[in-house]
Amino acid sequence: MIRLLTLVLAFCASSVTAETLRMAVTTSFHNSGLSDVLLPAIEEDTGITVELLIVGTGQALRLGEAGDVDAILVHSRAAEEAFVNAGYGTHRREIMYNDFVIIGPQGDPAGVKGLAAAAAALSAIARTESVFVSRGDDSGTHKKELALWGDAGVVPEGAWYRPVGAGMGAALNTAAAMDAYILADRASWLNFGNKADLALLFAGDPVLFNQYAYIPVNPQRHDHVKADLALALEDWLTSAPARDLINGYQINGETLFTFNAIAPAE
Amino acid sequence: MSEIWEGLVAGFWLVASFDADLVEITLRSLQVTLTAVVIASAIGLPFGAWLAIRRFRHRRAAIALLNALMGLPPVVVGLIVYLLLSRAGPFGVFNLLFTPTAMIIAQVIIITPLIASIAHQAIRDIWADYHDLLISLSTTKGQRIRILLWDGRRALMTASLAGFGRAIGEVGAIMIVGGNIDHATRVLTTAIALETGKGDFALALGLGFVLIGLAVAVNLAIHAIGQTESEGKW
Amino acid sequence: MVTPILPLTMKGAVVKRRGQTLLGPVDLEISAQGIAIVMGPNGAGKTKLLRALHGIERLAAGSVTWQVPVREAQDRQAFVFQAPIMLRRSVQDNLAYPLRLRGVAKKDALARAAHWANRVGLGDALDRSAPRLSGGEKQKLALARALIRDPDIIFLDEPCANLDGRATREIEAILQEAQAGGTRIVMATHDIGQAKRLADAVVFLMHGKIIENRPAKAFFAGPQTRQAAALLQGDIVE
């Protein structure tokens, strides 16, 4: 009877145990496949089971504000700093970066291949009114895209500009189906399974630099968050084993991320 | 077309190899949906029956409301449950968000109106049939409810099955309140959404065929238990 | 000795639907013996009269009084509907149901059900699904079910309306048997021949009112009203 009761309670109780941490991460982080490599290592080295909620940057920040997660890992500096300044997060810690790339139809109707700057590429797309799929979901990628349009001096609107309000993978699917241009992070693109007629057409402009940062949710705002686990995870993410895993992660021989965590500036 | 074939093959291998992840996800799908169906039936079946035989002033309005609730978009239910269970919301202290319990709650809300509505319709039909006879036999209200529920058990089972069908294939609400967390709240439908989002259509289709197979198997099992197709009975 | 529930007295009974008077005012006494046949053209109110006597029709005015309290009287009557109401279960379970309602043990109820099934010729259909029986079989089942609690009185609403000759004969035989055993029978029928065969008394209805209520022999020998005479002759009566 006791056994049955414990079993029932175990079923009913929330799956959050003492050594479980909930972290909201961006779809681009997950779609790269890196999380599948890191999570088992984290569990082994620290004993922490990380529960990943894979959402857009915007939703990740909201989850952090509400205290529904213990930490977030996103890639939108301005939004992150606002988050910390408002007191929702304790601090911001840079972990690694990758880059954004411009994907498009192999035929490249806008002629972005070989252009010198990202802004020029986007100008060309706007000028030729080639179909462009935007994340449209307030994510880190989306914010970067909007910043680039700003640099190009273009307000993207018209039938050719298609915001889908979806994660990286879903947006890539849509771009593949529409044979459209899209801004994606390199890792998600390389790991994407439905490339269809799309190809990587533009990369390398320093402005496409994509920094990922880790932010523990502020325990003073929400005293139930697992603040010590969050700090333990941060320590691991900025440690040598993490560095080796992140720098060593490759798809088809290509390295996706570059570890760039530095010692805390306390 | 080849993608559909690849999907079939992928699905076959997943099942044949008893892939550990697949087993875990499938069991969780069943756990969440079956629990939701049991709870929703416990609420919806008696309520539907009660509505069929009780005459009260606003009965027509109640029936209309029940039918309208059937059309509740699941994703909206998911959003509302999410806001209620979030730490920033009224029931945050129970720490239910992103757990299977939250998914069960959302699914119960979604399928109870459906089960109640079908039960109501079925019982109403039988009641219309039996009405004069049961009154003539001086039955008590309790005796009436008992015979309506028992003689209508096949139709009531259909109501529960309809709830099961709706729940097992639901993805929007449980994605929002469950979070699709690997090894915690990932189920067949949310896994399909995830794999599709990664462009891994073969795996997504494989999972899809497993889901279809599961739904069909449960249906067949229930009908076998009920022996509803055997000649002459019932 | 159990108090007889009959005679039954109906006084000033009126049945209305949507403001229209379908029956009444009707004064009628049902004595303790015999077979009373209710006749009249379609729409005359035969069904309403039977239902009102049995207590399953709401009266807009008037009363129906038994020799015992209404609750007890209700328990000792039965009704056979024109379209037989079959419970969605087997023949045997249909018959057993009224007994189970009374608290009779399952084994006994099933045994008595089997006995009655035999009496009405459904002995080898015990396990068959009642809704799937033929019209005649259903009506025999309904009749057996009505008689299984040994009621003091049974009302029948045109039970043979959709049955062939053989089924009709079987039903009439059962009714005669029941009447001989002391059960009072009040039956509506269209079939003049059937009325002649069975009736001890005839109640003739027109437009919701009783216009003749006489011993059968006298009625058939010489109806007192124009309409009754016309009906017996085979004319259309309105």
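Note that the chains take the letters A, B and C in the order they are written out, and that residue 1 is the start of every chain.
Going forward, a residue touches a chain if its C-beta (ideal position, glycine included) is under 8 Å from a C-beta of that chain, and two chains touch if they have at least 3 such contacts.
A quick note: this is a predicted structure, and the numbers were derived from the prediction, not measured.
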item: Highest C-beta pair count, chain pair; value: A-B
item: Middle chain, criterion being Cα centroid separation; value: B
item: Centre-of-Cα separation between chain C and chain A, whole angstrom; value: 81
item: Between chain B and chain A, distance of the C-alpha-averaged centres to the nearest whole Å; value: 34
item: Inter-chain centre distance, chain B versus chain C - centres from mean C-alpha coordinates, in Å; value: 47
item: Parts of chain A lying in touch with chain B, wherever the complex brings them together; value: 11-12, 14-16, 22, 27, 31, 51-54, 65-68, 166-170, 172-173, 176, 191-195, 222, 224
item: Footprint of chain C on chain B - complex, ascending; value: 126, 129-130, 132-133, 135-139, 143, 147, 151-152, 232-234
item: Residue ranges of chain C touching chain B (in the complex, touch as defined); value: 54, 56, 71, 74-75, 77-79, 81, 85, 87-89, 97-98, 101, 127-129, 132
item: In the complex, chain B residues that touch chain A; value: 31, 86-89, 92, 95-101, 179-182, 184-185, 194, 196-201
